[in-house]
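Just so it is clear, A, B, C and D label the chains in written order, and each chain counts residues from 1 on its own.
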Amino acid sequence: MSEVTKNVSETSAATLQTMRERDMQKVSAKQKIVKICVQTALYLFLGVMALIVLFPFYWMLVSSVKTMPEYIRPIPTLIPHTWDFHNYVEVFQNEDLLLGQLFANTLFVGVVSTLLSLIITVLSAFAFARLEFKGKNLLFAALLATMMIPGELFTITNYQTVNSFGWLNTFTVLIVPFLVSVFYIYLLKQNFQQVPNELYLAAKVDGTTDLKYLWKVMIPLALPTLISITILKMMGSWNSYMWPRLVANDEAHRLITNGLRTAFTSAEGVTDVPLQMAAIAVVSAPLFLVFVFLRKYIMKGVSRSGIKG
Amino acid sequence: MKRILSTLLLVAILTVGVCGSLTSCGGGGTGGGGGAAADFEMPAGGFDTNTPITITFYHSMGAGLRDILDDAIADFKKLYPNITVEHQSFGDYDGVRDQIKTEVAVGNQPNIAYCYPDHVALYNEAGAVQTLDILMNDATYGFTAEQKADFVAGWLAEGAAFGDGKMYSLPLSKSTEVLYYNKTYFEENDLDVPTTWDEMEAVCRAIKAKEGDKCIPLGYDSESNWFITMCEQLGSPYTSATGENFVFDNAENYAFVKRFRSWYQDKLVTTKTLNSNAYTSNLFTGTATTGTRSYMCIGSTGGTVYQQPEQVNGVYEFEVGVAQIPQINPNAPKVISQGPSVCVFKKNNPQEVLASWLFVKFLTTDINFQASVSMNNGYTPVIKSAIENEHYQEWLATAGTSNVQALGVQMALAQAESYYASPAFIGSSVARDQVGLLLSACFASKASDAEIDAFIKSTFANAVSECKYQSGQ
Amino acid sequence: MAEKNATLLGRVWQSISAFFKEKIWQGFCVNILYKKFDRYKGWIYLAPAIVLLLIFTVWPIFNTVRMAFLEGYTTMKDVRGDTFSFGLGNFTRVLEYKGFLTALKNTMLLTVLTVPISTFLALLIAVCLNSIKWFSRALQTIFFLPYVTNSIAIGMVFAAMFNMIIGGGARPDFIGVVNIVIEALGGEYINWMNEGAEYWAMITVMVVYIVWNALPFKILILLGGLQSVNKQYYEAAKVDATPRWRVFTRITIPLLSPMLAYVIITGFIGGFKEYSSIVGVFGESMRAPGDPTYTLDTMVGFIYRAISNQEGTASAAALILFVIILVVTMINLYVSKKKTHY
Amino acid sequence: MKVELQNLTKIFPSRNKKSGEEVVAVNNFNFTIPDGKLVGLLGPSGCGKSTTLYMISGLQKPSSGKIFFGDEDVTELTPENRGIGLVFQNYALYPHMTVKQNILFPLQNLRGADKLLKEEMLARAYEVAKLVQIDELMDRKPSELSGGQQQRVAIARALVKMPRVLLLDEPLSNLDARLRLQTREEIRRIQKETGITTIFVTHDQEEAMSISDVIVVMKLGVVQQTGKPQQIYDDPCNLFVAKFLGTPPINVFEGEVKAEKLYIGGECVLSVPGVADKAVYVGIRPEGFIPDENGGLSCEILGVDVMGRDVSIVSKNAAMLTPSVRSIVDADYSVAPDQKQIRYTLKPHKVFLFDKETEERIYFEVQ
């Protein structure tokens, strides 16, 4: 009796084994199919989303080379029949626009304010991340609290302030008031704090001054963050509108967005969409170039979560 | 979080403390030209022709006009070598107003600026505008009797329409609204140019019946002007500088709004706002190239140049005609008076004010400048001598489709007796904006015939309360 | 006499300078620079930032609070020398004003709509990007592209895409590329933002644009979070034959919760400060042509406009906005503290 | 270089401001570290050993007291002026620099008379790299090294300046067990070869005992005992030291002294001449037990571990304060499989008495 049972159980165990193996094969084949399906779906979804994301850029570029009659065709041409670049020429020739001067002004303001802002940000972030002093935490909390206040609020008082300094219609007024960004300080402080404190102590033991330590250790380690701060700041200068319009709206100091706005609002009448698109494309181009060359740094800087080593 | 909260609390406490101490010293940071400065007193030695002096002029001139201004400044420099005039364009009138408004708040206003009457009222809230009576009547530096007489009288008087009888601004150049029409089309179709709104409706319906979907017979650029002009023509209340300011909420006004709305709904008319914020001249001249055309356009004489059709093989697509805008009563026509005036701002240094005055006097009395501006863009000169000037008259004589500016000026001069101006007070510009908005809102409303009266009524009421809110009442 | 005076003065000066050199200067060197320097070093490093912040951030805050509590305050009147009574007048005025309530409603609505949509989409895209092999880098770049644009300029492009050109007929001369796509898919064209456009249509346009604008940052942060998740969790899940969706809800989401909390909180703050994207699409009038009021006004838009002639009101509105942001952020932080898993 | 600590005290302000209590991290530390010795600061975490090390390095300033290097008072000197090398627990290597750059880094900071030429720096770097046997790895980044290699780089970086004193903070704690043994020997070798006075901090008594010339046992900021490792082991001055040192740890019992006899659980186990009658703690080293059927201390056997050289018997006794009684006896001794009870006599020099209140050692004459 017991012999038989044992036999049966042995055979069944064997069958079970083979069945399981077969199942495994089936499962793996099925898994493969599922995997391929899932991957296809993923690519399809991402492809569609990418198209949606890209479409406005495409539409801007395509529209900028169309003529108005082609632009308003009931069935739009996806590839323009006429490649009409005269809009671009017109953007540059526009007497009200003075694009070259605008570019130069914007670049100057952007570069100088970025450099100064970086220095201030690095020093402040270092103090918050590494130095111990009385009131540090309170001060930092206060800074963070100012971040919650909508910045638009500062405009009128700041205007009074810069005027009493005699800074109107100078580059100073475009650069100085917004040199400090609590957000950048916060960003860099977080980054600095990920550098182990022992590195600082080690440097102190080795007789490194704070500034040298900053320069030789902290800055290289936080470089991606610094680069992304640089880009953000440059983008800020490139896109700023309200403040420059208010405080430095003379030709010698006017910045690009304002220039565009002034030129297009004072032009009477017709909404020439292609011309408008060409102007936007020209103004957007430098940012795209920066992005193309520094993509790695921008993306890494923003998403970087820790340092190796 | 706790820490942030406690910080905020601290900030709040500090703030209340600081506020308490600040309430008493409100305008502490303001410099020259504040309200405390009394009326102008002529400096003892007269104008100092030795000390270099720089004055600033804010305007909204485009590139073409700026060249003319530069020439005028060069001419002025020959008369007064020690005065340097710097000028800057702020795109449009609102740009100038916003800039000066902020600057007045810190006592840093320019010396001279383009202005509309309600801008003057706004600046005057801070007492920043220099009254010109003493300067104007000064034996040495003021207008001569001839110069004073040279001004088109009605326009000069507008500068003193601020309730106290004092002179706050001088007219620089003038514009008005006229009816541009497609002369070729009108002649081909044997249409009469409308002189009343009833005729206008008939003409529009006739054109619409003929042209169908590809046509909106009439474009009216400015909804605000349309509303205000209708009030003026009908004699219905619009605004009042005294007592209740905003009095345009009345049945008479409902009626014309409702009437014109039906025009819009029947695609007989469009306005700038409802034409996707594009001047309706693009429909008139066909530059919109959307296929839809208009055959009449009511717009400013300041924008006449945009009413000029494109040339094909050296020939204009059609001939442009200019006429008075339609009236309620053609025997007593009413047309709006517009265009930039200039005002002078108070400064602590009387020499600066005097220099500003001299420049303003120069701009308003210089035939060359006055005529050049007019010839450039169709504005009307404010002095008769410029109008009667030989060269100018020659230019006027060439009026036609190739010289539309002159066409506009001719019309503007022809109706010199019909101009009106609305009262200026704080909030008059708000009222202007609001009536324009309410007109286009009623036009665009999808309300049914049963609902429309209620809709119009509530839109008017909202506009009045908005006026009151925005003007700080 | 003068000379004597001079020498006397000189002597006094000498003794003072000697005293200064010996006592003060040495004291300064030893105590401040050497001993105390360490203690004050932090402040020295922070000095430039603090000075600038005091002038351009702290002072304006005080001044704003001051203006907010001075009833009917305008700088114009202030310059003229008017006095203002201290009170809550500006606040009641703002809260009773219809336009402000519109702005409040729009701001809330846009925030409540765009933050979940953009977060969800960004999460979806990030997860997909994280689980594909090829073109991952290229696709990341594409999805990041909107990050480097001027929101006013690209807003104008969106406007061009949604805008119709109305003609003399019942059907517009040109219905805009978006409507063309809708018609191609068998739908009926919609008046998105021309005169007489419905409120929901305009809001839809704004939601599309704001989401489009907000995606890159969120994708980047979430993707960064995903990539830093230890692969072992997924391997462990695989060993347990955990189904995909379960992996997603039980492993991915909890591990990603700090990043999710971050993008949601910043999304809310950004949402309450929405302004330039609407200006980009609808212009500074923030409405479709023919709207009598600022139909699409936001809190910041309201404040900006009031700044030009009603500083007291503007300040009061700004303080209200500040309080709202503060409260929402605190609620967010509270919830995320409860829900984030590490 | 002799290092002398005089009344060294470090007080931290309390984190909790309301209570206002201060934390005394190091209290009145007096000690002289002889020249060229390897000294281990030993204690449980929070005992103030790291604070002491940091004060010696100059990274923290003492609240009071003085530090001398040789005859020079260095209390007020900044770290870089003290001539020390410090190796951190996590090595603190600059992650963006190669091994070579890491080692060169301290040299590049030298100023004035100490300034070196580039070639000299490189020569020094290679010399020290050879000493710690990493000269093959000079161009790698820290992330490409194993834990042990990183440790050596850190030591090399500390040594390259030729410090007067080398300080090591928990040098072995980040290494796995095998590497730990190896690195321990390595540190010993390097210290012997260079002859630099070396102070290291550890919480691992075995580590401290195996390589130190002298160890300092600390508890809650107070030095408990200093001396050679064996000496402290054999002659602990209080219950804490006795318990902290030794693997397996010392066995502790409740005991009583009556008429110069020591009783544990009512049984007389040892005569303790010169001790007054009182209740005491009795500490007995595992090797202090001799199985003896006539012995005074009886225990119930729980298990027997045979470890080759010797045998460890785990048993229990009603009066014990440790979780069990572990004795290590000669491998020749065998326990019968069914044996439930065992009796011990005790080696008097392996038995320590401690006062019940002060936990201080009570000495008795060993006959």
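Everything that follows uses one rule, which is that contacts are C-beta pairs under 8 Å (C-beta built on N, C-alpha and C of every residue); 3 or more make two chains touch, one makes a residue touch a chain.
Not measured: the values here are computed from a predicted model.
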Practice problem: Could you name all chains that are in contact with chain C and with chain D at the same time? | Solution: A
Quiz prompt | Distance in touch steps, counted as few as possible, from chain B out to chain D | solution = 2
Quiz item: Which chain is most remote from chain D in terms of Cα centres?
Solution: B
Self-check item: Best-connected chain pair, where connection means C-beta pairs in contact
Solution: A-C
Self-check item: chain A-chain D separation of Cα centroids, rounded to whole Å
Solution: 53
Practice problem: Please compute the C-alpha centroid of chain B, do the same for chain C, then give the distance between them in whole Å. | Solution: 37
Exercise. Calculate how many whole Å lie between the centre of chain A and the centre of chain C, each centre taken as the average of the chain's C-alpha atoms.
Key: 14
Quiz prompt | Averaged-CA centre spacing for the pair chain B and chain A, given as whole angstrom | solution = 43
Quiz prompt | Residue list for chain C, restricted to those that touch at least two other chains | solution = 61, 63, 75, 165, 173-174, 326
Practice problem: Spell out, as numbers or ranges, the residues of chain D touching 2 or more other chains. | Solution: none
Practice problem: Would you mind listing the residues of chain A that make contact with two or more other chains? | Solution: 72, 156, 160
Quiz prompt | Chains that touch, pairwise | solution = A-B, A-C, A-D, B-C
Quiz item: Touching chain A in the complex: which residues of chain C?
Solution: 39-43, 45-46, 48-50, 52-53, 55-61, 63-64, 75, 121, 124-125, 128-129, 131-133, 135, 139-154, 156-158, 160-161, 165, 173-175, 177, 180, 212, 215, 217, 220-221, 223-225, 227-228, 244, 269, 273, 275-276, 299-300, 303-304, 307, 311, 314-315, 318, 321-322, 325-326, 329
Practice problem: Over in the complex, which chain A residues touch chain C? Could you list them? | Solution: 38-39, 42-43, 45-46, 49-50, 52-57, 59-60, 63, 72, 74-76, 119-121, 123-124, 126-128, 131-134, 136, 139, 143, 146, 148-150, 152-158, 160-161, 176-180, 182, 185, 210, 231, 235, 238-239, 241-242, 257, 260, 273, 276-277, 280, 283-284, 287-288, 290-291, 295, 298-299, 302-306
Quiz prompt | Of all residues in chain C, those that touch chain B in their complex | solution = 61-63, 65-66, 69-70, 72, 74-84, 86, 97-99, 163, 165-171, 173-174, 194-196, 283, 289-293, 308-310, 326, 330, 333
Quiz item: Any idea which chain D residues touch chain A in the complex?
Solution: 57-59, 78-81, 84-86, 88-96, 105-106, 109-111, 141-143, 157-158, 161
Quiz item: Which chain B residues qualify as touching chain A in the complex?
Solution: 3-4, 7-8, 11, 29, 31, 60, 62-63, 88-92, 95, 99, 102-103, 105-106, 108, 276-279, 281-282, 287-290, 303, 306
